[in-house]
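Going by the order they are written in, the chains are A, B, C, D and E; count residues from 1 in each one.
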Amino acid sequence: MELILGDVPWIVVLIILPLTGGMACFLFPAISKSLGLLTSLAVVACVWGLGWQLEEEGAQRYAIGGWGAPLGIDLYADGLSLLMLVVAALVGLGISVYSCGYFSPDKANHFWPLWLFLCGALNALFLSSDIFNLYVTLELLGLTAVALVALADGAEALTSAMRYLLISLLGSLFYLLGVAFLYHSFGSLDIAILAQRAEPSPAVWAAVGLISTGLLLKTALFPMHFWLPAAHACAPTPVSALLSALVVKASFYILLRMWLEIFPMVGTSFAQLLGLLGAAAVLWGGIQALRQTRLKLLIAYSTVSQLGYLFLAFPLGTSLAWKGALYMLLSHAMAKAAMFMAAGNILVLGGHDRIAELSSITQRLPLTLTAFTLAGISIMGLPPSGGFIAKWLLLQASIESGQWWWGIILILGGLLAAAYVFKVIGHVFTQDEPTRQAGTLPTTMEWSALVLALVAVLLGLFTSWPLAIMEIGSPFGTGHSG
Amino acid sequence: MSYVYLYALLGVSLFVLGLNALIVHAHLLRKILAVNVMSTGVFLVLVALSSRNEEVLPDPVPHAMVITGIVVSVSATALALILMLKVNRATGKNELPDRGRD
Amino acid sequence: MERSRWLLPLLLMLCLGLGYTVLSMPEPVEGLPEMLVDNMEVAGVSNPVTAVLLNFRGYDTLLEMGVLLVALLGVWSLGGIPDYRESSPGLVLDIMSRQLVPVLILVAGYLLWVGADAPGGAFQAGSLLGAAGVLLLLCGWRIGNRCSGLPLRFLLILGLGMFVVAGTGLLLIGGEFLQYPSPVARELILMIEAAATLSIGATLAAMFLGSLPGGADK
Amino acid sequence: MNWNTALPLLIVASSLLPGLMIFCLPENRVVTRTTLNLAGALLKIVLVGGMFWGILHGYHFETRLVLLPGLDLVLRSGPLSMLFVTLSAGLWLITTVYAVGYLEGSPYRSRFFGFFSLCVTATTGVALAGNLITFLLFYELLTLCTYPLIVHRGTEEARKAGKSYLAYTIAGGALLLLSTVWLYTLAGTLEFTERGFLSGLDASLHPTLMIIFAMLIAGLGVKAALIPLHGWLPQAMVAPAPVSALLHAVAVVKAGAFGIVRVVYYVYGIEFSNSLGLTLPLAMLAAATIIYGSLRALFQDELKRRLAFSTVSQVSYIVLGIALASPIATLGGLIHLVHQGVQKITLFLCAGNLAETLGIHKISEMNGVGRRMPWTMAAFTIGAFGMIGAPPLAGFFSKWYLGLGALDAGQGWVIYILAASSVLNAAYFLPILYTAWFKTPPDSWPAERSFGRKETAWTLLVPPLVTALLTLALGLLASAPFNLLEWARLIVSRGFAQ
Amino acid sequence: MEALTILNWVLDGLLGVSLFSLAWLALASPDIFKAIVLFISFGLLMALAWVRLNAPDVALAEAAIGAGLTGALLLAAFARLEDISIGASDGEEVQSHIQHDSNEEPK
């Protein structure tokens, strides 16, 4: 068993598999559902294989085409990318199971190829260590995400898809200009080599500004978040779960990777700015979520708020803060996907997702309700959940580094999250009798939401495994502390 | 100050021109044109800076990057145009409803 | 116009900043070109740009073929665009296209072949094929229903598929992914480029058409 | 998995597993649900008894699960945790029997009993917690499990009460979390140790330690219903009787008081907090709450609201006993923790009986109810006299030791507080007894349900009688072997320096 | 030799100015069709600029894809845009398409 596991280049298989799966679904639309599910399972197995390999030999660098770093393109897999791959694989599997029951046949033919290409783009993005290659994967990710959002036929969905496309293109262009500056001042596109050669100069300052603006546009951090709620709320449910849990995090991952390797010498003033924007996102997202009357919009604004947490780790900078941010990313991905699926179930059965009239629908969906509550617990950061552990690590990092005000933001964010989650849950304990809406929900849709929510809660109890993954190749070892 | 920097500056100005047009104009087709102009600007910067010292052959890597970029931008434009037509069909207007900023 | 009050100065500042950065860009101490030159003879093609595109950074081109295919998938999933109205082609267009299309295809073939040693290559040839396709579509030609199903789809994924098959094939015979053994590199690159040209042409033409040809599975 | 490490976990799991199973039970499976409930309760009592036996024979029980590097979840059987765990285990059995009878025929019972068992799991977790993070985990879990019980009825009023309950407790929980993390960064450990682990820190940190103490007490004070954080308790009375009986008399409120005991004794240490001058303000706050609670109770016409305000004031006895830095006062506080629990649950169960059988909610409707339901009112009277502190009953001992402790600690003013509160207790309990026994009953009760010859269903009658007998026993058999006083003395001796 | 460099500078300057002005006009012209045509000419001129920066491959790609195909796509989209707004589009095929999807349509 070790022999086979040992020398199979899982790192390449992880990228090729979803692409081939996507092409197969495109060629044979009739069997696209089973092919898609099979590919998702295979991706989970590959991630497990890669994890096993990384456990054995630490961080892994794979030169495509055998040319080596400056000339060719390298794939690099360490703890940080492995964790993102695990998130993408698990949430991806949940989404594949969910969308088996969700799409009407003719929509499914379009959904599966696009979804598998998106999965391939995600894996390629998490594994690549070449900044131009990241541009191409970002573009591939953006186009597939827009096409998936546009699958829902409402005027709202199409306009939000259009706005999302324009923002995505704008972000990519900013990023590309930043890449141009970096390449022409240091002569290489590989992150590791750039990390050695980079020293502060006007070109690097401009590159930092451009790349960060481009990536913040795509991550929808506070001032540039206006496109996210509409896009995530009007998209078909598995797509909005996908967007909130994975696509938005991919650009955050690139910013984090760049920040840890190429920009450590950037002054703390820029980090403080990111922290401030993150804090504003947490508060603004929470308040907006509280004011929503439609469930999916509430969850979308909750994403805007939760993304703010991730940026609080930048001003802190210690490896503990990065671990906290990554743990928040992991548990938020699971919980948010479960929440969107639950909202989707309510929408499919009840026909609407107005929060005020939820009670009669939720009476008939006990599993979905439990999934929503468990996911809500993780979003709020209450103890038995991954969200709590992440909040604990971030709080500890903020107090240890003396910048306790980020801790206050965390607490306020938690209170706001509690307010809008219980606003929804409060509608469940009423005396209305269940709705007489005809039709039942395929059980796979309810169970996939519940399983993802359970994973989010169990992350609160079994923390040693994810933390061990983050340690491989010590991605944060180089992070400047304090 | 060889002529290369002239083109690089032109690239930067095209980038900013496109950004301004993207923000100011509401019509979706104009926004797509603006995005194309911006990408041409970025490609101009990429290629111009690659042949700074004349005596040696220009660096081919940016050229490859630009060709890839052009193909990516044409596919993005195609998708954007079709999406614009669908938006026009669904909302009857050629603009995004609430004049979304850039 | 309250917005232009703060927009223009901001953009001008951005322009000046970027301009200054571009002008003050230091020369990279060790750039890529030197490394490229001494690797050229192993690369199998003598045109540096094609070498970079297909050999050194072949993975980029693979993903970029994916981008093209995904864009087409997105266009088809949107669907619902009324087909291009069936106006009978004017006399001039009809005659012109009868002359032009074969020339376009010939030039595309030439560009593909010459790409190894002189400027040219898969993308330029593919776009010419696409132009030929657009001309045909303008003249009202539509792909026959019989082969608008699987054969068209196979043609569309040919580019990316060939890349992936070649890459994994090379992987299986012991090298790294997409590592062309130097004696056979030239032929391999040509094969991949040919497949890429065909699928780029088909994809660009289909994108011009906008919706599923013949609305097969609407 | 030998017994030493497994027992605490088993005790917590003994109500968790039945709870989860009950959630999955369809509504009509009444028999399975009741058997699961009772089996869980009995199993827990047996396990607690086993732990008692183990401790007497010198065994030490501790379950340790690694949560974070350097921080793990600990369930440990210390003397103090045994006190609270026995209290909650015993009263859970009694209240389950009562709840089965009380909720006969009402909807959503699977959901109710599921959350009911989860609540007790959280309470036992709070009791057995070996360090501050485990305590915090179960403390927040308690909030999550009690919310559905408060809003169980689904009426508009219940949901409003639930909303205010959440507002208080979630905010309190957030404060607790912030202070726990701050403490962890300063002290490096959160393990409960006999005389507190903070005394070793250098003097420069003392001001921050005082701020943290204030935040901890505020976080815990929400559940311990110290003023001004008690607002949610009277509103939560809209919940069904077993909920207000077990939760608001025993589980939730005691968790807050228990937390304050843990913080003062096992985090800061009584001498260190006294030297920081923290105990006096706490004692004053407790005294103010005692008086305020009793005053508000005077003017409540609704029976359960009056009992709620009485709980607000009674819990502060415990906090007062803790805050007075003398072993005897602490002894009084600890035994009051048990006495108040038993007495208050009797009163609430009787109130539930009156509401369920005769539809009485207001004291003004209780004229001559003693004749109609003699046994229930007898239990109510015993409970009321225990609260007032009449000699043979349990309440007397706690007030007696509190008074002695106050003198020993040189805090003379506490005696006046105790005296005044006893008078006020009498002032709001005796009128109830007078109306119940000596006034002429009205010709018809608001919503009478006849149970044949008996005054009410046996499942509703037996629990209050048992708890009333328990109040009597705790009072009369105060010096018997294995009694409560002995156990409390053991705890206190470990807590103080001598 | 001196004259050649001056000529080069003049040529580049001319090319740069005309490129910028073409882009400016394309983006600022009131009529959409004029904007598209100007954009296509801007693309062709760009091909010239690539040649001047001795990047022949890019020039070919820009001419074929940037000017040619993008222009064709733009014109096709513009034509279809005109159809829809004139209302000449064939009604029934479109209407049937909008209503048929799953009941997920948010009311």
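Here is the rule we go by: contacts are C-beta pairs under 8 Å (C-beta built on N, C-alpha and C of every residue); 3 or more make two chains touch, one makes a residue touch a chain.
Chain-to-protein mapping (UniProt): B = Na+/H+ antiporter subunit C; C = Sodium:proton antiporter; D = Monovalent cation/H+ antiporter subunit D family protein.
Quick caveat, the model's predicted, so the values are computed rather than measured.
Taking the mean of each chain's C-alpha atoms as its centre, the chain lying closest to the overall protein C-alpha centroid is A. A comparison of the B-C and A-B interfaces places the larger number of contacting C-beta pairs at B-C. One finds 10 Å separating the Cα centroids of chain B and chain E. Mean C-alpha positions place chain A and chain E at a centre distance of 35 Å. Chain centres here are Cα averages; for chain B and chain D they lie 68 Å apart. Chain C and chain E, compared by their mean Cα positions, are separated by 18 Å. Across the assembly, chain C contributes residues 18, 22, 25, 31-32, 36, 49, 57, 60, 64, 67, 70-71, 74, 78, 80-81, 121, 123, 204, 207-208, 210, 218 that each touch 2 or more other chains.
Multi-chain contact residues of chain D (touching two or more other chains): none found.
Shared contact sites, meaning residues of chain B that touch two or more other chains, fall at 13, 15, 19, 45, 49-50, 61, 63, 65, 67-68, 70-72, 74-76, 78-79, 82-86, 89-90.
Contact residues on chain E toward chain B in their complex (touch as defined above): 8-9, 12-13, 16, 19-20, 23-24, 26-28, 32, 35-36, 39, 42-43, 46, 49-50, 52-55, 57-58, 61-62, 65-66, 69-70, 73-74, 76-78, 80-81, 84-85, 94, 98. On the side of chain C, the complex with chain B involves touching residues 3-4, 7-8, 11-12, 14-15, 18-19, 22-23, 25, 27, 31-33, 36, 48-49, 51-53, 57, 60-61, 64, 67-68, 70-72, 74-75, 78, 80-81, 121, 123, 200, 204, 207-208, 210. In the complex of the two chains, the chain B residues touching chain A come out as 15, 19, 22, 28, 31, 35, 38-39, 42, 45-46, 49-50, 61-62, 65, 68-69, 72, 75-76, 79-80, 83-84, 86-87, 90-91, 96-97, 100-102. By the touch criterion given at the top, residues 5, 8-9, 11-13, 15-16, 19-20, 23-24, 45, 49, 52-53, 56-57, 59-61, 63-65, 67-68, 70-72, 74-76, 78-79, 82-83, 85-86, 89 of chain B touch chain C in their complex. Against chain A, in their complex, chain D makes its touches with residues 65-69, 136-138, 140-141, 143-144, 147-148, 151-152, 154-155, 158-159, 162-163, 166, 170-171, 173-174, 177-178, 181-182, 184-185.
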